[in-house]
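Below are two complexes that have chain A in common, paired first with chain B and then with chain C.
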Partner chain A sequence: MTTAPQAEARIGEVVEAGSTEFAAECYTLYGAPPLGALVRVGDPAVYGVVYSVTTAALDPGRRVAARGAGEPDEASVYRNNPQIARLLATHLQALVVGHDRAGTLVQRLPAAPPRIHAFVYCCDDADVRAFSEQLDYLHLLATASVPAIDEVIAANVRLAAEARPDGDGFRASAARALAEELANDVTRLKAILRSIQ
Partner chain B sequence: MALDLYRTAAQIDAAVAIADFGSARERRMEAVLAALRDGDAATLNARVEEAQGLLAFLPAEAVEPPGSVFDAPAVPDDFSVVATDGSHIDVNRHLPLRCALVNIGGCRLTYGAGADAELFSRPRLRTSDAELFLRDPDTPSARQAVEGALMGLVRTVEEAMALAEAVEADDSGLPTLALLDGTLVLWELGGELPPRGRYPDYVREQLLDDGLLSALERIRDVSARRQVAVGSYISLPNSTEVVNLLRLGLCDLDPVGHCQTHCRALVPGTRRCDAAHGLTDRELFERTLAPGQRSAVFASRSPVARDAYGAHRVHFFYVNVEEEIGRVEVPAWVALDPASLSLAHALVVDNARRGAGYPVALQEAHEQAVVTGADREAFRNMVERALEERGLPVYTSQKQRTKRRPWV
Partner chain C sequence: MTSDGLPTLLGTVVGGSLTDGVEVRLAEGASVEDIPVGSYVVIQGETRRFFGMVSEVRLAATDSRLRSAPAGFEDPFVSQALTGTAAYGSIVVRPRLVLPSVAGAEGDIAPARTVPGHFSRAARASEADVAQVFGAEGGDNFAVGTPLDMDAVVCLDLKTLLQRSNGVFGKSGTGKSFLTRLLLIGVLQSRLSALLIFDMHNEYGWEGGDVERGRRVKSLKQLFPSEVSVFALDEQRARGASVQPDFHVEIGYGEITPDDIMALRETLGISDAAAEAAFALGRRFGDGRWLREFLRLEGSDEIGELAARINVNGAALATLHRRLTNRVTRLPFVTDAPGADAVSAIMDHLDRGKHVVLEFGRYGDDVIAYMLVANLLTRRIHDRYRERQSADAGEGRSTTPLTIVIEEAHRFLSPAVASQSPFGIIAREMRKNNVTLLVVDQRPSAIDAEVLSQVGTKVCCLLDDERDVDAVMAGASGSRELRSVLAGLRSRQQALFFGEAVPIPVAVQVRDYGTDTSYDALMRRRPRREAAARGPAVARSNGAASEDEDDDPLFG
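After this line comes the complex of A and B, so read on.
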């Protein structure tokens, strides 16, 4: 968590966008918000939940080579090869979970995806609280086909609970919403609920 | 299939089988190594001077005892390495617009307490007559088209200019090594004395005096304020200037080195000095240099470097960077200043070690500069699209068309 950016910080830009998800490049290496975090992009705002974070070589044609065999610790690998930090980039992928429609927050897909180069902000606690007043967005998450989506849902609920004084109350509401959503898949529901605690 | 790789491989095998890798070559190498060990700089140089104009090959000038070796000096705690490299898309007559693209890439890598890196690339399109031709200021009708080999030279000059700019822009005050890729000797430009270069004097003035040498001078100016060494690095060098110098130690004819008199009628390989035949400086120093060590410093006697470089006369040494023997070329003011020479030696070895055998700063400069096949295709499309948008005719040769869309 130490590398997580400060609340409401501008953390990057959209580099790939579709109706249901978008990808963004972070301004700083390892500067992505945590898994499950709520992010906001563009104006009018589109909201997304981070479902994947990757760090790799900026140039897909260049593989990263191991460089630390003779180094005492990880920090000295970076210090003695200062170019590395410029050649790597952290990317996040987020599922679209809502947008701002004429001043009203709606938890549905926007008519158009965010624009490329739209700025990405990490939502602060107030934003997170406001957004998670409604829980319709959990439907968009629960029906997304991305790897380990149940872990993403649980992480998102935990972060939203931490952003409010009555965290347990929020957990309970989210659990009820998920129980409705996953009524036909008790195994999956139980796994998410265990993870929420 | 365009190239029959099966047949090619068979021919490569045959060529390798007859190549001279055997014991005869080893005996010749021993003789040349002995000449290196016993060679005395003053004697060898005097022989070269005496035989001036009669030699059949280009020898180096020994600046230190030829056989001496030097361990890598200590690396400073904090320092930086700056490098530039270039790539270009040459004028293509199959394109509807006469233009060329030069992309200069570079980096500044700072090591030590303030470890950091800065990478940059600057593409520049050359379209105007002033950019596509070098003109004689005295005879405006005389001009040379900047394309082909001349474009390569112009690019080298731009790399050096970008290097000077990067060195000047660095206000860290740290000891700095500024590196170029390849040779500092623009041998194509020739010297004032015969053999003349292939280009007229105004080309040499613009590319050398106002170009490469001016860039080196700018770096030299910075070196008055802080420790800066500049040089170029050649990986897998094929030069034979040191071996050629040692030929004057192997020659036992009188007077020594009068090739034109003694050996004019002999086939190369049968002359007295031909123990050195086919050997390169690199192979020689593979035998004498331990990891990190450098050879003695030599000065280039190539006509252009001898006549035109002045204080920047090209000197060079070989260095064992563990994976190979590399050649480092430096101007005289670096070679003859012990502190600068030590810095160049230490930082080339250190930077090559960090780059698994090739200076990492040059690797990154290359990566910033490189123009790939896909980039070239994209560039051509961008030129065509720009012309189309303005309603200008877009045409290409039928030859180019069939290359782009080969049909069965």
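After this line comes the complex of A and C, so read on.
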């Protein structure tokens, strides 16, 4: 897998980092990858799965005020208030699911979290295919305690399946891997599986 | 087998015990539907290979909610993901033997006294494993068929078989006679024992019936003419037969003893007092003469007078007289003046290395005739063997063993008569006097439990009655799994073998019998023993056996 920076896929940089998850600010408003997407940060690379995307005022002390009362549609609100894009920012939060160790991809937590200001790249289909050759990362996802993680897992599996020509086969193997992971909680498992389908 | 030559993984050991068996969680791709109870499994432990039998097949789930709220799981995508992961099959394997640690290597096979460790890999036993367990055909190993779900050969160790009395059980019509004939051919070829067969239904002499295929099949005399002597009870039937028997059996009044009447007590429907009266008569007139003298009496007056003289109940004596006249002495072969002594003739034939088949002809359906003759002859012959055994022991010779084959065995071995019947005595004394039994019966529950417990190897065709199954299984290790195997047998040509002559219980598809190829296959296995060991009675009579040495029409 290449770790060379890909300018066109660079979407933001890390603003907060821990061993198990990191947050990044996107360069463009609403410029975050979809929920469940695989992102790569830094060099050597650390991989994360997007579990939360928020767009809010840059200054937490200043609430965003409604501005569209006199506007005919949503687009004209932004057009007539060009400062909005400067006052708002889109952030993403990602769970760490793997890293590059001496050229080898390992689906475990890295020894150190990514650095602040490390660039965040959205993985392309080839990266996604290479990463999802192994399914050990599902364990890191399944055991994370973040809200609506089951939806994130399902979204991730769907995206990975779409990146492959044998999408159905991947869905089936991911489903089995999840079934082993969540064998003691079949209600949760059933919900994820139905969402993957 | 996989492409790398390793057996296909069935699953891994996840728990269990020696008494209950180890639990093997099935691997992905192994379906419970393909693993019948009773099939063989080899488990490769760290240092040993265990050979065992599947005793239970289970469906299990990691989460009990799967059972209580199954809605939604029937979706094919969901169910496929769950099958083998959260919902899985498992089997219980009872380790029975320890094989050499490398497949196919030479080495001892010992009973398993421990279990394979956690995560040991289990695989279906290969044909080579089964062949290693049951041994190769030839020598003392006699092939009886194949395990139900594989092509390997199951062999009986005839030497071990003949150490003890044995039983062939199964409800009527399940092929007991068929199976018995096959076993007898094996014993006959092995020359390990002489045979005396009380052939109730005329199955073992010249030819027998194959009801299922509606044909006649060759029997012992036809296959081994120079080694088998047919004794016939029914002169009339024998006269019409294409092949003449070697001897006509007649029973003289003088040969019937009060003991024989006692053994017939239930069958004759007489009271204890009436049977005891026979002993009083024996004391009064002497064992050889009591029946003749007693039957000479006519009218109730004479009988009453005698009863008073010998101090027995008059009514009981009258009943005894009536039954003996109506049921026993009316039999044409029971005569006051027999042509020759049947016991001596049988002993003579046995001594000459012959196996004796006593055909009952049309008396086979006459229980009194069958029981009288079988009891009477067996008592005498057993006595002779006993005398001979003690004489031989004194002189350091060995007596050739004798196996007596008896059908409808429960009549001779019921709890009420087993203690007096010569068959009960033989069964209990094991091989002390070199005589053992092969009992063939459809009602094992009616056989005395003590006698059944002495049976070394049991061959069991399908049995329906719960009591019969209980009786046969009593004392067998792992009887629960054996029961389910037994219940799964087809009603023809399948049997469960367990006991001393097989290393582990085995359900067998019995080898074919009755076609030219089957005869050829049976004949091919004949061991060519040293000339000195030919003939069952060789140890006693070297000279007498040599006359058969070179006149065998089948083997030259």
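The definition used in the following text is that the second predicted complex is superposed on the first by the 189 of 197 C-alpha atoms of A that agree within 3 Å, B and C clash if a C-alpha of one lies under 4 Å from a C-alpha of the other, contacts with A are read in each partner's own complex, and residues count from 1 in each chain.
Going forward, a contact is a pair of C-beta atoms (placed from the backbone, for glycine too) under 8 Å apart; a residue touches a chain by one contact, two chains touch by 3 or more.
Every value quoted in this text rests on a predicted model; they were computed, and no experiment measured them.
Q: What is the contact status of A:Arg62 with respect to chain B (first) and chain C (second): first, second, both, or neither?
A: Only chain B is touched by A:Arg62; chain C is not.
Q: Contacts for A:Thr104 in the overlay, against chain B (first) and chain C (second): which applies, first, second, both or neither?
A: neither
Q: Which partner does A:Lys190 reach: the first (chain B), the second (chain C), both, or neither?
A: The answer is second: A:Lys190 touches chain C but not chain B.
Q: Under the stated touch criterion, which partner chain does A:Ser145 make contact with: chain B (first), chain C (second), both, or neither?
A: neither
Q: Considering only touches as defined above, state whether A:Ala172 meets chain B (first), chain C (second), both or neither.
A: In the superposition, A:Ala172 touches chain C alone.
Q: Now for A:Gln83: first (chain B), second (chain C), both, or neither, which partner does it touch?
A: After superposition on chain A, A:Gln83 lies in contact with chain B alone.
Q: Starting from the residues of chain A touching chain B, keep only those that also touch chain C in the other complex, and list them.
A: None.
Q: Touching residues of chain A toward chain C in the complex: what are they?
A: 171-172, 175-176, 178-180, 182-187, 189-190, 193-194, 196-197
Q: Enumerate the contact residues on chain A facing chain B in the complex.
A: By the definition above, chain A touches chain B via 59, 62, 65, 78-87.
Q: Considering only the defined contacts, which chain B positions touch chain A in the complex?
A: So the residues of chain B touching chain A come out as 107, 109-111, 115-119, 354, 356, 360, 364, 367.
Q: Okay, in this complex, where on chain C does chain A touch?
A: 28, 61-63, 65-66, 69, 72-73, 75, 77-78, 80-82, 84-86
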